[in-house]
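Shared between the two complexes below is chain A, which pairs with chain B and chain C, respectively.
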Partner chain A sequence: MSTVHATVTVTAEILRYDPTSDAAPRYQTFEVKGPANMRVLDVIRSIYEGQAADLAYQFACRIGRCGTCAVRVNGTPVLACQEVCKPAMRIEPLSPFPVLRDLVIDRSEIDDRYAALELVPQRAVPHDGTPEPVDPKLALNICAYDSCLACMVCVSACPAVDERPFDGPAFMLKLRQMAIHPADQRNRLPQALKGGMLECFGCDLCTQLCPADLSPAQAIRDFRRDMIFGAPR
Partner chain B sequence: MSQNPEIVLEQADVVIAGSGAAGMRAAIAAHDAGARVVVLAKGPARATHTRMSGGRYNAVSGLNPDDNTDAFFRDTLDSGAGINDHRLARILADEAMDRAYDLEAYGLTWDRKAAREFSLSMTGGGSFVRTIGSADEGIGITEVMIHQLHVRDIRIADFHMLVDTVCDDAGRVVGALVLDLSRGKWRMFSCGAVIIATGGTSQLYETSSGPTINTGDGIAIGLRAGAELVDIEFMQFIPISFVYPRSIRGYTLTEPAHYGMRHYDPTADAAHLLNNKGERFVLKHDPVRKEGSTRDVLARAIMLEILEGRGTPEGGVLMMPDERVFGSFLRERPIYVKRLLENYGEAQARLQAPIQVMPSALYTLGGVRIDPWCRSGVPGLFVGGEAAGGVHGANRLGGSSMPDIQVFGRRAGMAAAEHARDAGVQPGQGLGWAKARAAQLETPLGRDGLRPVEVKRQVQKLMWDHVGLVRCGDKLRSTLQAFSDIRRSVLPQLAVTGRSRVLNREWMEMIELENMLDIGESMASAALAREETRGAHYRTDFPAIDPAWCLNLVVGRRNGDLDVRKTPLMRFARDTAPAFAAE
Partner chain C sequence: MSATGTLTIPRNSTHQAEGLLYGRTARLLNRVTGVAIVVFVAVHVIAQSVMHVPAFAGLRGAAPWLPALTTQNWIHAILLFSIVFHTLYGVRLVAGDLGIRLPYRATWWTTLGISAVFAAREILRYVGI
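== the complex of A and B ==
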């Protein structure tokens, strides 16, 4: 409880850019005073409320669930609402996505990519309106994959996405969710391959940064194992 | 600014405002009934209240032989202090499980004890072990649904804020006026039906658990279009929320931590709540159910301790958790353990030390008055989910919002598709009105004046202090006066600082503020009219429940003024929904 009242002053350099009117992005520097454990989002909100009424930023839940506040802080993608502030921060929109303005990205292309993967169980027969037989442990594993926030922190961090034809960790994880779902009859491995699964370096950065504590890297390793040894079912 | 703002014309059969579960379920149903559907999201599609839910879902699964839909219906009425719309409560009890199977068909995997046996638990106010859930919570529910929209190729328009419905001279919906915040452009969708699925009003309060988008937009839009609101004086507060740090103050702390062994056993005690004198103050309010009481009783009991100076310095009370449930809590809800760890400390995360808790605005029990097919009084205007009123009455069972938004989302979608089929709306109908309204909302752009964010804070403080958990006639009257002053002298001075039309947050907040005032006035007016205490509505000047008030208050607008009137209950022991072609 004692840490509640400790105060800090942080310096935040925010990348400002309005594609409809600005020739190029520029950094604007702000100072914010607040509790030591304030989150990056608290800093951004305070800037909007007190210093830059025209700042464009995005958040909704403030608790790490909607996944829409992701930004880069000193080059590392994070959820602004979860990341504790640092004394000096450079805050930028999440790359490599198109910027609408300032810290807000256009997520429509991300959902186009999800849509192309058809992430619904492809059933041999329709659900019959009684509990579907699923092993309880497997159900929990599916739930874990289904807890992916689609925040794109992992895709932003992934060095393979940067250099190679790879959709990114989040998309592999969702394909894996389908692959282990007992109702899904579709072979998801070809989709993972087409999405660039083999381009993954195995660096595990996605796992380290995932705000939902998931491991997209493990999903990729599981697909690779299936590719060599065959899927268990 | 511009007297003749440019409006991009588009067409659809059904326009749905809101991308939470109610909106998405409506979209699926309307699409499957043959309608061309557009879903509008005020922010990114995933920024919704459903997403934040624990996802606990009341339904009669047949796995508890003692439970049945009549019992669920009765629990809903008991919790709602008897003033629920019985037809809607009946539908909720009858259809919840079918919609849970829909979610399973979409790919959700409910927690289970065995391959075909869901795990059941207790929930606030329920009398049977009934509630199902899944470890992916509201996130999982929204994820499986969004992919259902994708395979149907349903358009989800991010950053599209519904501003108002467009009606013809007969008062029938012919379109939706929408501000595309991402481009700063106006759009008018000509459509036969609009579904309001914009969620609740928790952002009207200083401390709330919901997402920042829940400013009551859809309910206000319904009211302005001529629909009536019902039970709008009832706002549900979750009793058990985080007290600090500031960024998450008000976020709910999940029921398993609070319920302890009662989570599994209805005869066990829930975690004890203590004031700063170490007293179990809940016993004064509910000696029978004690800390396992309904959310309204607990929230009020905690708030009174805080208001009367028996809270902690941070503004909460102490919850004594039950260490024995830590293992299952960690397994079922690891994210909450992490959250307790990060914000409170290890001993609290291990459920070994007292946890500070406070109430927080959670769920809008009232809303637009609907019939069993989610029709408002305005032809072509449908409402589902938290934006609608009547299902839960004066208080809601924990775990009943998730089935509500599925059951009534689907009904709204089906009925809207049916309505739109024969609506015969002409493209561009009502454009003149839409242009005038858009021009009016452009006036604060680029002028100097007051910032909306400051006024928003004033409204939130007034609502929290006087239209929240503890209410009295004098304060409600002074709050209404304050709202009227803000409307008269502050709104005309509002200004939008930023020059860019793209993602102009102040512009959005200005539009939200008008909605917040419309709804704040409705809530305070109805709260003032209801001279008794019932469910979530507590009047210090009328502290007892009064059988004469076993009725609903309906709020409407007559010639611009709010009109609050009493209506008899919709009481049917067993609902027979009106014959409807869609079924």
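== the complex of A and C ==
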């Protein structure tokens, strides 16, 4: 059993890139000593504080709830604040998003996509202001979908995003949340189809890597089932 | 903290990222097995043509190894593994789209296991068991 007394030396290769001044991205290697249970974010912060003060990275909550610290570690997208460090790590910004600098990605396209999907209940008539009864089981599902961090780990991991015109699992998950929402009167299936729902390989990589333990792949399968058999409501 | 003064490592909530990435492996294997099936069928058709179609008889001398290629035990084992894996994985995907919920880890190992059994059976057949 590992303890906090054990220390490790971590070799971290970080992809450095400043589009305003660098011709091309380059890897810079750092060594960090610390407890064996360090998280990847601890390694990055240590490098920033002791070795590379110009390293750009981002984080907020440090408890795996905000999703801003997501990076790729040895090719696998993870939350830096939750992933235990490895002896040798190659840390890169999330792909396929444009890089602002070093490990910071430009999230404006992500925000634009979320905004375009209109992820609030679209009502046929204005809400009268009184609470509406919701089946508790359904409410539980809606709340579960709400725990999506929008960290884009699933989008970065998705092989279909790389190869096909597919927006990504995270967007399908939020569309599914609206599709099952009793107050939402809009048919969300066309939106999902437009977003490339049928391009999903069904590999469940998004499900395996989701830090919130959600299953975007199941959301996509539910949409596909609705497409074949019709929506239950 | 335990009585011995040691502190266990906190739960790694992204432990899913460690070890085998089932989806990536399954998808790649599905592609590889699909290519294996297509290649075998193509080679089989060409080999049969060379052996039985008079118009292609001239190729027998140019590629004498071609007919023998379709009778190799290990190729049959790979072919059977490929066919079974590709079929079962495809059925799993279709079942998911039809609303049948299947655990992806369990179905991966089941698919792999059944495919391996077919491949092993082919190998054992050739060694006389």
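Going forward, the second predicted complex is superposed on the first by the 231 of 233 C-alpha atoms of A that agree within 3 Å, B and C clash if a C-alpha of one lies under 4 Å from a C-alpha of the other, contacts with A are read in each partner's own complex, and residues count from 1 in each chain.
Following the convention adopted for this analysis, contacts are C-beta pairs under 8 Å (C-beta built on N, C-alpha and C of every residue); 3 or more make two chains touch, one makes a residue touch a chain.
No experiment lies behind these values; they were computed from the predicted model shown.
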item: Partner touching more residues of chain A, whether chain B or chain C; value: B
item: Partner chain in contact with A:37 - chain B first, chain C second, else both or neither; value: both
item: Touched partner set for A:209, first chain B, second chain C, both or neither; value: second
item: Touching partner for A:218 - first (chain B), second (chain C), both, neither; value: second
item: First, second, both or neither for A:148, with chain B first and chain C second; value: first
item: Chain B versus chain C as contact partner of A:193, first or second or both or neither; value: neither
item: Touching partner for A:88 - first (chain B), second (chain C), both, neither; value: neither
item: Doubly contacted chain A residues - partners chain C and chain B; value: 1, 4, 37, 64
item: Chain C residues within the chain A interface of the complex; value: 6-10, 12-14, 16-17, 21-24, 26-27, 93, 96-99, 101, 104
item: Residues of chain A touching chain C in the complex; value: 1-5, 36-37, 64, 73, 76-79, 82-84, 159, 201-211, 217-218, 221-222, 224-225, 228-229
item: Complex interface listing, chain A residues touching chain B; value: 1, 4, 18-21, 35, 37-39, 41-42, 48-49, 53-68, 81, 100-102, 104, 106-108, 111, 114-115, 118-121, 123, 126-127, 129-136, 138-140, 142-144, 146-150, 177-178, 181, 183-184, 212-213
item: Residues on chain B engaged by chain A in the complex (per definition of touch); value: 43-48, 51-52, 61, 98, 101, 104-118, 134-140, 143-144, 146-148, 150-151, 153, 156, 158-159, 182, 211-213, 244-248, 251, 314, 334-335, 338-339, 451, 453, 497-506
